[in-house]
Structures are given as structure tokens and as C-alpha cells.
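Two complexes come next, and they have one chain in common, chain A, joined by chain B in the first and chain C in the second.
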Partner chain A sequence: MNGSSVAEPPDFQAATAAAAAAARASSSEQDEWIVSECGFLDPEVQRTMRSGSAAEDITQYPMHGWVDVTREFHDACAELQPGELAQDMLFGLFEAMSAIEIMDPKMDVGMGFDKQDLPPPSFEAAIATGAIKLDDLTPSELIGIYDALFSCLVSWLEGNSMDQVLFTCLYLHAPSQIKDNALRVFCTAVRNLIVVIKNIIAVAAVNEEEDFQLYGNSALLAAEKAQPAAVYSSLKDVEDQLVRKCKKLTATEDWMAVVHRLRFMRHLFQVIYHVEQMASNDTVDDKVDIYKILLVASEMLPGIRNTLDRGTQPEKGSEAPNPMGFSPRIHDRSQPPAFPRSIKIRDRPASYQFLEEMISRFKYACKVTKYKDYYSALNFFIEYSKKSGQCILSRSVLQSLFSANMRMAHGKLPMKQFLRYSVQNFNSPPVLNAKHAVAADPKVQQHLENFFRYCINMNTFTQFIRICGFNRARQRDKLARLIEIFDPIQVDAARLDSMMNQLANERAMEGNEPLATALRHSTHFSTWVLYNCFRAMLIFLMSGFELELYAVHEFLYIYWYPYEFLIGFLVSALTRTENILLAQEEYADHQSKIQTGGGGASKNRKAAKPKKNKKQQRPYRAEIVFYHALLSLCGGMYKAMGALTKDGRVRLPLSKFDNEEIRYNRRFLPFAALTSPPPVSYAEFKNIREHMMRPSVEDLYTYAAKHFDQARNVLESIQNPDQEMLDLLQIARTNFVVMNVLARGHQKEVKRQPEFDFSKHSYFPIIKLK
Partner chain B sequence: MEDDASGAVLLKKDQTSSYEETDLVEKDHPTFVEEEVLQVKDGHGSPEKTVLAAKEKPTSTEETLKVEEKVLKQYTFCVFQEESHLGVLQSLIDKELSEPYSIYTYRYFVYNWPDLCFFALDGGRYVGVIVCKLESILGEFLQGYIAMLAVDVEYRKRGIGRALSEMAIDAMAMKNAAMIVLETELTNKPALALYQSLGFIRERRLLRYYMNGVDAFRLKLMLHDSRDLPLSED
Partner chain C sequence: MTDLSISGQQVLPTPPPPTVPEPFRITTNAPHQMNDASLTPGRRKLQKWLGRVLRIVITDGRVLVGFFNCTDRDANIVLSMCAEYLVEGQEPRLLGNVMVPGKHIVSLNIDEPDPQSSLLVQ
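What follows is the complex of A and B.
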């Protein structure tokens, strides 16, 4: 493909060989080059290779066995024509892109230094020059270091490398050498916290490269052994010491500010360490009440935030988060070769703000223990992700709490038991009822066992919950794949349902009517699987709005699909489920009436019961009502987009390359793999759209207005609406007005595309006429 | 120009053929959004970035198109020929970038795919450039990739960026590309508008993609309607 002028030089290998030979000749006195001296290797590898020798002295410029090949190099270059390139099998144009140009300030980290700059001080150097104190720190110095370390911790949790934030603190390099108790204990706690947090995030495994950097200077971290179990008590001891000290002082406020920070650290550490233990350990002290500890920790925060000014403050113009103890560029030379990335360490008020919000998120995550079945747990995860999706540690903590809780609630085979229990809870198939005679039928049990084992092996349900733990952008990518793997489970669930019905017929033939009735259940298992699949589909589709993936001209078919199909499916799955529950309830009532016969006292008790049951038979009422509102909103948006398009107010792609059918197929591609619901072809969509767009523009606007009005009615009927409902209500009201205005011919001459403002809700915009 | 890049091929682009109206006429297209430098991430991860461009000013599309056709006739277009073009390319793109492109990044693209690098000239002055590559993915499909697009700041809003993009997409389509992809910054509205009007969809959002922490979109233009094409290449 290369043109002649850009072809490889015919003898480039000769040229490189000559250069290599020249290099060999001039270095003949030397031993063979040692790989590590070439400076190409990953610093981690280099460190390992040097292990045994003393830790690398990062303050010294590296002493390599450099050989001057400038002349040979220039000679070799002279043989090349402009545009000719010497390449190697293992180092071609692609690899060369990773090259960093020395002396280019945009690429060369070293260009940040002046010739006069001293190397960044290491821990030892800083002690030798007296730049850091190891003993007798003043309260102000302690507060400054603590606050700076919390800022570094927060910046690390926001995705920066631990080397470039936390380990710029020299005290963290060797806390055991610190003589001041309050500082040593705190720094030890931070180091242990790093290890514990890394574990939690690694085990939860809902992180992506853009969320969090798991790796850092492991040699530094390993230098002192982590002993997380001892942290709590040593923090407590030093707090007590300081409190005793305060009793002898007249002005205690500064020291108390130190104590508050230590106490905050103690509680924060205790929670995070406990979560880690829960995730990895079966035998955890379940008397520790995380929620209570979190409350105590959050109570410490106002006092800490009021005393920020008591600590030493970062110097203006300096990169260090605190004047003493930090050496911001100390790891510049040990970073993997890459372009310099600017590191932003959060300021102190913002860092404590982050910690406060993180603690609220942890408190919220604790509620997951209330949800013992799949339906409610999934709902919780979806909500949590909406509210707390941006913090990797919060997302990981939720995963840990959930799996620990599941283990406790569902015993040895948690996931299988959990799913079994969840189906029972969702639509109560009689075959899952342990009290029922049919539960003892080995054939039935075998089928059930196979089904649930298949669910576990396919990992579909577990995966759905885990996906909710990823960041919002990744969730969508992963949901696309999840939807595809729902298909085999659907097939299996349908098979199980028909198997149960077949067995019912067999039992009926045998004359075992009670067993037959129990087995003759409609579509319990497939309804349960389909319901979850529909939910994944709806989230997938609507998340495109949140992530701003859809162009305005695409809104029409995106809103159309849930309006025409998806929400209807969800409503009918839930309605069917409620009907099944109702029928079972009636049957049970009927049975018990036959069995109990009469009896005055028991009759009275019975009379009170049905009322309670009536309520339980409609467990999905609220969700169904909400879907009705969504349905009207989607319908409103679909017709509004139809009207606006027909009215010439939607910018359409203007290109010979554009093809709506291809776009449509691409957007719905993950659904194409499913048997149920069957994929809807572009041709079908086009027919439906044509039909929808047949009326006049004014009528179309009026129809859209009607949908928004319906949505408003539904939303207004909800008692105790939450904020989301209120926001949707406002959207429905406003769009209702806008559609009516357009229907009356407002701005008829100015065909401008309206603005779609998603600030109230991530799925539905307020339509604004400019 | 496949195997003979030595003969200078100057393309005169007749713009009238480049614009095909859809049956629904766009009445209110913002003026030709002139993208400016679109950010790119090279194949293996050194992130780069794009810088933006101009403000939208609403005028009628037909008018805009007419004006642009007229204006565009004064420009000539050519593909990458020789080493000296590298300097031109670098100077057009470098000043727009906040993040570094090494000379090797340019070399990688233009020496592997010289016929997918187009320049726009006003007389003897180079005023715009687009750099692309075409590779097979999953061993089956050819995927085109727009790595860089830049138009000199004095020449923006004249349809040059669009003309260059269409030229490049045409060239990749001729070679049987199944799709064209690129990445651009969330904040680069002009680029997003240009590609949207060309029929690209925003397929994925890439969080904190650039070194400055800004999110990106992965944009895709499907040229073949194949259900077998992967949903996402990674």
C-alpha cells in the first residue's frame, strides 16, 4: 500500500546492523549490556531484578553504562533518504508511537525540572536536611499533615495513581521511623487503609481502568508489613494519651482538633476493615454495627471542617499538599514511561466533603441487608447506582456487603438458594413451596435443580446485579452483552414450565388431583426470567439518554420501542404475576375453608386475615403505576418527535452515508439475539411510524399533549411521590403545555429545533422552544 | 493512487455530488459546523485530543450549501505524497492539540495509509487535513478510523472539514470498509455536529478518556448493514 517514496529503504536492515556493529565495537571493553541498564524495562520489573540489593535510591540520577554512538548513528543516518525509515520486526511504526521524545515538554517528564533543581528529597534526605521532623510535632503540623493525607486518599479514590498522590508523603515511606506517636499511628493507619481498600476493590471487581488504579509502588508498600488488626487499638491509645495531655493544658482546642481527626480515622478505618473482612471471610464478628460506627464518624466531620485553618496550609504555588512531609515529584522517575499527566490533589474542604458523602453512601449501602430476594435487591442496586455510581469504593463496598449478607441469609449455596427463594418470593410457584406435597417428588426436584444450576452456570442473574456496580458508561456496554445471554435462560425456563404442566397431566391421569393442581402452574419461571430481561432491556435503551448517545433525530425510534412494546411487556409480566398470586390465594382460602369447616372463634380470626392478604396480593401495584407513567411519557415523546419531524423542526443527517435502517438495526442490535420478545424489524417500525405520522402536524402535537396529560394524571395519583416522580410530573406538565402551544401554530414560521433539556431527569427531557 | 503515490494527484472535488438531501428536508441546519481538530486516540492507547472550533449560526441549509459549493470550488485536494507533507501535517494539527502527538504518531498513519491522508489547499497554502487508517478487525471486517482532522482557523466554517471527511469516507468505502469509527471529546460540539450530520452514531461513552480527564464518545458510521458486526470492538 505504501507509495514508492514512502517505502522502506531496501537496505535498512544493513543500516541498523551497521549501527549495532559500531556500537558493539566501541563497547568492546565493557561486559555485555545488562537489560536493566538500558532503562527500557518497567520500573516494577527493574526493582524485582534488583531485589536483594538495597531499595533503589530514587533521589540519585541513574548511573547507566551509556555508550556514545552519536557518530556511528549520524553516519548510519546519512545513508538514508528523507522519508526512509529504519524499522525492526519488533519495533515498527506502531510501536514507535509509544516513543517519548526527549526534550519535548509535552512528553518528557524531566523537562519539568530546571538544571538548578535539586533532586526531590527522599525520606532519608529530608531527615538529614532537617526538612521533616520525626518528633515533637506541633498540633498545627499534625493537622496539616493529616488533612493533606485525607486529600491524597480522596484523590487516589478518584482515579489518580497512588504513587503520585499518597506516596508523595514521605512519612508514608517508613512510618516505623517516626518517633511522634500521633503521627506514626496515623501514617500507619493510612498505609493499612491503602491495603484494605485495594483488597475491597479487587474482590468486588466492579472497577475499570478509568475508575481506579489498583497498582502502585508495591516495594514501598511492602517495606512495612500491613497489620490492619492492630490499627484500631493503636489509634485509640494515642487518642487517650492526647486527651490525658489536654487535661493538663489550658488551651486544648488545637490538640482536640488532632484528637478528632484520629478518632475520625479510627472509625473510618474500622468500617472499611470490617467490610473487607466480611467480603473475604466467613467468620466475621457480626456484632459490629457498621451503621452505628458510620454515624459516629460523620458526627466527627463538622468539628474537623471547622478546624481546617488550624493546620499548616499548602504554600501558594507549590504542588505539595502541605509544606512539611511531601515531595511531589519523588516518583516522577519511577513512573512507567508515559506522557506526564497532571495530577490534581483535591483541596481540603472538598476532600472532607467527599468523605462526608462517601460515609452517607456507605450508610445507604448498609440497607442492602434488608433485601433478601433478587427482585428487591436488584431494585436497590439500580437505585444505588443512580445515586452513588460515581464513587468506586462506595460501589465496591455495596458488592461486599451484598455478598456477605447473601452468604449469611442463604447459607452454603448462597446464589442457588437465593434464586430459588427469589422466584418463590416473586410469583410463588407451588412446586417451590416446601410444605407442598409435590416438593417431595424426586422428578420435580430434579427439574428444579437443573434449572437453578443452569441459572448459576449461565451467571445471568448474578451478572445483572454486578453490572449495576460498574460505572454508568460501562454498565450500558455490559448490559448489551447480558441481554444476549438471557435467551438460553428464557428457553430453559419455558421448558421447565411446560415440563411442570406435563407432569401435572400425568399426575391427573394417575388420579392424584392435589399434586396435579400444584404442578399445573401457568408460566411462573418464564415470567420471572422475562421480567428481568425486560428490565435489562429498558435500562439499556434509556441509559443512552443519560450518556448523551442519541442524536435528536434518533429520539423517535428510541422512545417508540418502550412505548410500543417494552413497558407493556413489563406491565403484563407484573400483572400476570399478581393474578397468579391472587388465584393461589383464593385457592388456598378455598382449601382451608374445606378443611376447617366451622368453629366460631377460628372463623373470627379468619375474617380478619383476608384483608391483610388482599394487600399482599398487589405487591407490584406501585411499580405498575410507575410504568404506566413511563408509558405515557414515552408515548408523548414518540409522538412529539413525530410531530416535530413532520413540522420540519428536527435536524436530520444530511449525507449520502446516512442510512436510517442501519442506524436503527445498530441501536437495537442487542435485542436481535432474543427469541422473546421477537425482534422488530425496521420495516415494521417504518410502517408503524408512517401510520402514526399520517395526521396533520397540529393533530400530532395534540396527541402528544394527550400522552403528557395522561402521564400527569398517573403521576398525580401517586401518594407520597418521591423526588423522581415529582420531577417527571414537572416534565409531563411542561411538555403538555409546549405541545399545546405548538398545536396552536406558535412559531409556525420559524422552524427551529427545540432544545431538549435532560437536567430534570436523565430519561426524559423538558422540550423548550427557543 | 494505490501503489503510486509519487505522481501528484490533485483532486478537484465537485461538491454538488457530496450532498444528498434526505427526503425530509432539513430547514434549519446550523451552519456548517466546522469541526476543527478531532481528537483521536491512537490504536493502542496514548490518548490525544481534539480541539474545537466554531460557533453555530443558524442559516438555511440550502443557502449554506450553495455558498459552500461556491467557496469549495476554490480549493484543491491532494493525498499524502512525500516526507515534506509530514511537516505540513504536523503544523496543521500540532497547534490545536493540548496533548502530545509524537512525530511517530503521524508517521504511523501516513506511511501506512498515505492514500487515506487528504490535504485541502487554497492555492499553494495547506489549509486542512484528514488522517485515517483502515484495518481488519476480528479478521473479517475492514474498519476505517479517522485519526485526525484539522482545518486552519482562518478557513473554518467553509465546508472544508466536511469535504475532507466525505473524501476520506468515500476512499475507505471504496476499499470496502464495513464501518468508520473515531473518538471525539464530549465537549467538541462542532465535531459532534459534523459527524452526526454525516450519519455517525455515538455508540459508546468513554469516561475520562483524555489526559485532561474529559470524557469521549466513540462514534461509528456503519457502511454495511451486517448484524454480524460486533457491537463493540473491545
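What follows is the complex of A and C.
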């Protein structure tokens, strides 16, 4: 910072001047500090100075000698006012946030240490002292170690660091030194499993730091090379050996419990390894049926859970998951300081419970291969996230299966083809139909090509599916960014639509009627893009309820937006799509009739194709009905909130600290970037709300009740409702009653805020009067 | 933050002397506050110690050595580049930023050339 004076901050000049003045005025005082002496020239210099060689190594201190200042320090602190800080000029909020609190059991790993404690035993030390056996383990010892290792695995998948859970098992440090076959093979399998799982999660890349610690002590892993391909057969060999051994014994139950665990490991490993291979290689033997293996694995579990008590159990009060082979604190002091510290390894029954649930999640994920177009795949991902969103491995496996499936099921189908096929499947734009005459028109094809390439380059659609793979809490801010990038795609889709129409008109002018019909177009592409955008918007908005971000007084406009706009848009997009499909079928029928009249056999075959579609005449009916129910629920909540607010039953922020407009704009911020739907300003909202709030409180309650009643009717009309619909039905029923009670003036004097109970459904509460 | 915003105009070399509002919210070792005559003796001491190396013995016997960054009325202390010694002289573990609650502090030492110099402040 010795540059021109222009670059000097004003503070600097002032400070130098002040220092000079002070030095002149009070040079007699001994403890006066000259600025240059202190080195506080400016923050940059300061930073450089402190990061210099001396400061880098705190262990070099003391440079001079320790002087006890305990008394003085406390006295000095006592002079500070409550809330006042004495802080270094370089100290800021960031440093404050990253500090570990000493003596906090969750953060401070050094806590509870005792000077007399021996250092935690390492693998070598444990062998030397005879703390661990390498050979001739009893079945009960084996079962204990296996079960403890499964617990560690589960704890790792729940986001703990690999070192602090899995590698507390000393056997994992050097499995090749284990002489006992059953133990060595199992430990090798666990190590390979770690590598494979890490790969799956890294490739799927839907993890966040709170989900999963991708980086652990790789030095320990690297010590022995992973050979996942060999694991399956070596597990099988050991199993066979043990089974043969059992034949010679009279009491075989303990050994069979060991065999079952090995077998379970073998199947689990096989599935996970296969998924990894699918995700990373193109050439995979797809004869392996994951689903069947999963079935076998899940059949092993009840037997294993029944024999939990046959293994050695962890000692009471000990942190080790098993008496032998574990050294819980071995890595504590090698962890980076900002690590999550307090590790609780899951107990054994809970771990097997987790594994069982994970296997059924995998089974569920296998279904993704059935969904071959974007619309149904996205639906599946959204549903999967709701049901299985908490497990990082399950989410990653789904991503792997999906992308592998995309490549294989459609003969290495690139995303572009997939999207093309999806649009065709969604609303069947005539230009995409290969049978139409325009399929060969290079100009048309070029436009289509450009559009889909743009979709891929913008990554919008792929991103949407990926976002559904993240944990629920992280989806929201990712969706906010996704919504913003929908805008250019919308523009492009609209341009494509109008281009097709223009071409159609040109062809019609030329008198080329078949070509014109093929190009004649309503808003196919933009409808498709908009529909997906609306869905992202709805999920974004409603996820705020799930994450408990909204204050009660904000509910009103959050429910208002989907009620007034969003769900209506969705319904109309779907209705429009259905109508287009219907019209096309009618047209195709009409054409085929004409052609049959003409009597050509080959033409007849041509017409047979569209008839197939007729079976699924109204493919979006169920979804439209469901949206109608949501619409009524949102309407009910909106009016209920209006009524409650007018009734004085909603706690509002003090006007002094309140600016509703800012809050409103923040809540709808991601939507502001879109041209369609156009953003709704706060002023417009205020007008609409004012209008809505005009009737009497009783009337408002009655209106809300009507909406809930409508929702109930719609939901009751659904055949084979799923659990979500039944829950919504109960919410609609209850709220209908509550609104009616309030409309009749119940508890009129008590202006208490009702309770909003989101336990039934994460988007809609049951309103409860206390 | 208004208490802090002592602008260049206010701290001109010529009088009037800077009017420092009481109570202080933040005492810092930033240049513009270094020679502030209105600071109480305790605050000046803290100001002097800021940025220097502090050794804290805590209730469970561990010793923490790090740069003194921040403190408050209850002597909660933030250290940066902190090293944790289970036994002094043995290999430490580096912790980075730590906050030591005042109630866990047993004793405090500052790295200083002359044991007497700290008395001179008074």
C-alpha cells in the first residue's frame, strides 16, 4: 500500500494525522503507542504481517515469556459494558461464526480428556497388547464385529465422518493381516463398499456437506488396493466354507448367523457395485437384475435381526460399538478442527432398520426405469424425494439408475433425444411426428435442433431433475435459481412456436396442404416449457411451509399466489395439452376415414398408429383433478387467513419494524425474473387483498368454508386415493368445520391466534382453535 | 455502528478534541482509536493486548495458545490460529478459531518481553 495517495483510504490519512498529533501532544506519556510501531498501518499490511513466517506457527510462542495477567484481564473486562466488545481490527463476523466453542460437548472434541489416559490404541498396538484377535474368532465375536461394522456404515451414511465411525474399527486398517477368513473377507468387503459408495455419491453429486462427508482419511483406504470385482466371489467362498463346516457340527445356529450376515453383505455389495458400474461405465452386463438381488437381501434381514443377541454386545458406558476391535477416539486428534464432533454411532437394531428401509428405497428407485419421458420421470423424482429424500445413498442411487437407464434403455439416448421424445409424449407437436412430411425438411429440423440444443445448453430440464435429488432443505434455493433460468427457454420456445406457425402459413399459401397441417401448431413448445416452470414455482413456494420459513402473517399472500395464478396456470396448461391431443386424434380419425374411403391398404396402416393413443384419452385428468383440490385448499387458506387477520386473530408485526412490501418482494423474488407469468407487484396484491377483505368477518369465514368444502368434494370424487389425498381430505374436512364454527361467532371475544398444525401435510395446516 | 463512525473530519490534528460518545460499544486496536485518551485504563489494556498471543488454561487442564481476537464483559475470549495442548510441551493440535467461555478460564498469560511493562499502563 505504498502507492499513490489516491489509493489511501480516508481512514488511513485521518489515522496517521491523528497519531502524529497525538504523538506531539503527549510524547511524555510512556505507554503511548505510535501507529507505525504497532504495525497497524492498514488491514492489508496487517494481514501480510500476521501471515508472515513467525505468525504462521503458533507453536513457536512464547517469543518472550508468559506473563500472568489473569487478575488484570478480568478487571479490565469488568470495565466493559454489557454487550460491549473489545476486538481486534481484523476480527469480524466471519471469524466469529467459524469459531469452535471450547467445552461445548457438540463442538469440542478435546473435551473430557484425561491426562492419565493412554493414547487410543492403534492396530499394531492392539495386536501387541493382545487386545484384538487375528485368528480363531468365535461366532459370537464375529457377529459382534459384523453388526458393529454395519452400525458404523449406517452412521457414515447419515453424514458422519468416515474416520470417526468406520475407521475406529482397527480391523479395517489392515484387513490383509487378519488370518481369520470370515473376518478378513468381511472387512475387505466393507473397505471396498466404502470406495464404491463414495464413487456413487461423487458421481451423482447430489450431496451437500451436511449429508455426507465425501472426504475421509484416504491414507487408510489407500493402504490396501480396492478390488471390488473380487469381493463377491470371496464372500461366496467363505460362506461355502462355513456351511461345510456347519455340516460337521451339531450346534450350527451361531455359525449360520455368521453365514447370513456374510450373505447379506454379498447381496448388498453386489447391488451397490452394480449401480456404480452402471453409472460410470457404458458397457455393463445388464443381465444382473438388481431388483431380484434386493429382494433376496431383504429376505435375509429378519433372520439377522433375530440373532442380534448372539453377538458380543457393546459394553455399557463405552463409546466403542463392540468390545473388541474398535478404538473410538483413534482419529479424534487428526480431524480438522471445524469438524462435527459429537459422534453417536447408531445402535444395532436401528442400523438394521435403516438398512432394511434403504433396501426398500433402492427397490423403489428401480422403478425409475419404467419412466421413459421427462414428464413421468420428473413426477417420479418429486415423489421419490418426498418419500426417500433423507438418505443420501438412496438419492444418489436413483440418479445413477436414471442416467444409466437413459443411456441404455433407449440405446444410449442422449438427453436431447430424451427431451424431444418427452415433448412428443407430452403434447405431441405435429412437427415432431416422424411420419409427417416435414420430418425431412432441413429448415424445420434445424429450428428444432437449435431449440433442443438450447435446452441442453441451458441445462434447465436436467437441472430440475437433479435438484429433486438434493435434500429437501437444499432444494428451495436451488429451485429459486432454476426458475430464473427458465425465462430464456420460454422465450426460445415461444419463438419456435411462432416460427412453425409462420412456416405453416407460408406452406398454405403455396398450396402445400399436408405440409401446412404438419406445421400448424398451437403453442406446443411454450406450453411444455411453461408447465415445467410452473411446477418449479409451485414447489418453490410451498417448500417454504415444509421448511417452516413463513411467519403466520405471511401465509395470506403465499396461499394467495397459487390460488389466484399458479394452479390456474397449471390447470390451463394441462387442459390445453389435453385438448390439443384430442383434436389431433379427431383429425387423425378423420384422415383415416378419408383414407379408408380411398381404400389403400398401406394408408390404412398409417392411420392405425394414432388410434393407439386413444386409449389414454385424457392422460392428465387425474393431475388436473388433484390441482383443483389444491386450488380450493389454497383458496380456503387464503380466505381463512384474510378472515382471521380481519378478526384480529393473527399476530401482526409491530408497524414500527414492519415493511410488508419488502417481505412480499423477497418471498416472490425468483419469480421477478420471468416474463411469463408476469410478476405481480405488491401494489396489485394489495388491491386484490383489499377487495377480498371487504366483506364482513363472518362472510369471509363462510367463503373460506366453501373453498374447503369444494376441496373435500373434489378429493372425495377421486377413485383409489393415495395417502396424501386422504390426508388432504382430512385437512379440508377439519378446516371446513372450524371455519363454520368461526363464522357462527364462536369464541368471538377471544382474539387468540389459532394453531396451524402442519403435521398431516407439509403444505397445508389443520387450523386448530385453542 | 454510529459510535464507531469517527470520520476523518472529526479527528483533525488540531483541536477540538474528538468527542467520544459513552458507552463504547466496541473497543478496537484500529488506528483511529489507538491513542484515544478517553478510553478507560482497562479498555486501553485490552486494546494493547489485542492481536497478541494469549495462553489460556481452562478448567479441564488443557492449555490453549492463540492470537487474542475478541473479548467481552464476561471474559469470553476468541482466539485465532489456536493450538491446543493436552500436555504442554507435547505435540499440539491446531484448532483455528476458538471461543473460550469465560467461566471455563482458569488463568491467562500474555507473551510479553518485560514482566514489568504491563504494570506501566496503570
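Observations
By definition in this document, the second predicted complex is superposed on the first by the 632 of 770 C-alpha atoms of A that agree within 3 Å, B and C clash if a C-alpha of one lies under 4 Å from a C-alpha of the other, contacts with A are read in each partner's own complex, and residues count from 1 in each chain.
One rule holds for everything that comes next: contacts are C-beta pairs under 8 Å (C-beta built on N, C-alpha and C of every residue); 3 or more make two chains touch, one makes a residue touch a chain.
Being a predicted model, the structure only gives us computed values, none of them experimental.
In the superposition on chain A, contact of A:A480 is made with chain B only, not with chain C. Of the two partner chains placed by superposition, chain B and chain C are both touched by A:E101. Once the two complexes are overlaid on the shared chain, A:V67 sits against chain C while remaining clear of chain B. Of the two partner chains placed by the overlay, chain B and chain C both lie in contact with A:G83.
With both structures placed on the common chain, the touch criterion links A:T645 to chain B but leaves chain C unconnected.
After overlaying the two complexes on the shared chain, residue contacts for A:G110 are found with chain C alone; chain B is out of touch.
Contacts of A:L549 after superposition on the shared chain: chain B is touched, whereas chain C is not. When the two complexes are overlaid on their common chain A, residue A:A230 makes contact with neither chain B nor chain C. Within the superposed three-chain model, A:F91 lies in touch with chain C and out of touch with chain B [touch as defined at top]. Shared interface residues of chain A, touching chain B in one complex and chain C in the other, are 82-83, 85, 96, 98-101, 338. On the side of chain A, the complex with chain B involves touching residues 1-6, 82-83, 85, 93-94, 96-101, 104, 106-107, 159, 208, 210-211, 338-339, 341-342, 471, 473-474, 476-477, 480-481, 547-551, 554, 645, 648-649, 651-659, 661-663, 665-667, 669-670, 672, 751-753.
Those residues of chain A that touch chain C in the shared complex are 10-23, 26, 30-33, 35, 38, 40-42, 50, 55, 58-59, 61-70, 72-91, 95-96, 98-103, 110-113, 115, 333, 337-338. By the touch rule above, chain C contacts chain A in their complex via residues 7-8, 11-14, 18, 23-32, 34-35, 37, 40-51, 53, 55, 58-62, 64-75, 78, 80-84, 86-87, 92-102, 104-115, 118, 120-121. Looking at the complex, you find that chain B touches chain A at residues 1-6, 18-22, 24-30, 42-44, 46, 58, 61, 80-84, 99-100, 102-105, 107-108, 110-115, 166, 169, 173, 186, 196-199, 201-209, 211-212, 215, 217, 220-225, 227, 231-232.
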